[in-house]
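Once you've had a glance at the structure underneath, I'll fire off some questions.
Here the chain labels run A, B, C, D and E in written order, and each chain numbers its own residues starting at 1.
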Amino acid sequence: MDVCRVVGQAVSTAKDEGLHGTKLLLVRAAGPDGAANGPAFAATDTVGAGEGELVLVARGSAARTTGRTGAVPTDAAIVAILDSLTIDGKVTYHKE
Amino acid sequence: MDVCRVVGQAVSTAKDEGLHGTKLLLVRAAGPDGAANGPAFAATDTVGAGEGELVLVARGSAARTTGRTGAVPTDAAIVAILDSLTIDGKVTYHKE
Amino acid sequence: MDVCRVVGQAVSTAKDEGLHGTKLLLVRAAGPDGAANGPAFAATDTVGAGEGELVLVARGSAARTTGRTGAVPTDAAIVAILDSLTIDGKVTYHKE
Amino acid sequence: MDVCRVVGQAVSTAKDEGLHGTKLLLVRAAGPDGAANGPAFAATDTVGAGEGELVLVARGSAARTTGRTGAVPTDAAIVAILDSLTIDGKVTYHKE
Amino acid sequence: MDVCRVVGQAVSTAKDEGLHGTKLLLVRAAGPDGAANGPAFAATDTVGAGEGELVLVARGSAARTTGRTGAVPTDAAIVAILDSLTIDGKVTYHKE
């Protein structure tokens, strides 16, 4: 799963029926310190993530194996809100 | 899902039977302002998208979990036409 | 699906039984004008494509959802021979 | 499978129910000598890997075909702890 | 499928039960002349490939649709040993 920062939201009226009622968040890949460093893409949300939070995004068919996204035509789903990241014994990110 | 701009169309007579009756649109990945910045590739359309529109494209097996694309041998499907994109509280794209 | 140019062929005697009787074509990703610009990789063929033709290649599990490739261990299948590509209202490629 | 180095851990309280009880390790792609050279991402663990160990990570749907990860919404799973790597007849990595 | 050169082997004692009895070969992507040009990664073998041979590697879920790899948590499988590659009517590689 990729460490990503939730940076915004996509709004769509004309969408596949499987996406109705699904929030489409915009996320960007982030480094271990939580700073966004990749291009924005859309992910469905299964854990109630909010803007600014650091999350894990499952890509590909994994996005459709969550409790909520079985019938949703998604290739990216937020599956966890991160509390902290530790690398080489050092906390590189901690949620405020 | 990737934010993409619909830029054109691919026409094919000799194609897999699963693609018969399916429109093949050409799309390019786009930034948050809607400007295309990636190479063109073909996507099937499940929401009636038209040229020039900003859309979300589901890649991989997700492209075959839409209402219309179950039996289609596609690895990319347009699943939403975008109304707007908001990043860091700022509207970066709004459909005219 | 990726726009690709068929550039050659791979020959193999010792191969998985699922590939027996399957032609292995070499293709390269191509731009909207049909010029090859990517590295060569092998794709199975479901539509009778020939060398020099511009085609659409379905990647990943989509390669195994065609009429002919169900039991073939392939991650890339030619699913359409292109007649033309149109971008921004301009024909960028037309089969001769 | 990618050769990766286990470099740390991700902690999350609010996560998809399929991830409850699953350790989320941070890994980085590594070269044949075991030196990490890629960005960090999260992987589920099925073999009891520990920090600092060199492992193989299965990506995509393969991550959900292990003995332990069937119902977990993961796109990356550690499936082996490496004892050694040999390239061109030369041992390039050996676990201490 | 990617044209790859078998360059070595990975040895692991602690691995997912689905990998027991499976040889883990190290491969690198190769050009049409057979010269390796990509980073090393691990692939399961279904055709008895040996070090130095040029092979086709199926990535993703295709790696688990071979005769031998159904229950193996692999995302890369060697599915063919190459006899020759021909590009633009010219033999670029021929097995000795």
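Just so it is clear, contacts are C-beta pairs under 8 Å (C-beta built on N, C-alpha and C of every residue); 3 or more make two chains touch, one makes a residue touch a chain.
All of these numbers come straight from a predicted model, not from anything done at the bench.
Separation of subunit D from subunit E in touch steps, taking the shortest path, is 1.
Mean C-alpha positions place subunit C and subunit D at a centre distance of 33 Å.
Between the Cα centres of subunit A and subunit D there is a gap of 20 Å. Looking at subunit D, one finds that residues 60-61, 63 touch two or more other chains.
Taken pairwise by the contact criterion, the protein chains form one closed cycle in which every chain touches exactly two others. Beginning the circuit at subunit C and passing next to subunit E, one meets the chains as C, E, D, A, B, using touch as defined.
Per the touch definition, subunit E reaches subunit C in the complex via residues 1-3, 29, 31-32, 46-49, 56, 58-63, 65-68, 77, 79-89, 92.
Per the touch definition, subunit A reaches subunit B in the complex via residues 7-19, 24, 26, 39-43, 51, 60-61, 63-64, 71-76.
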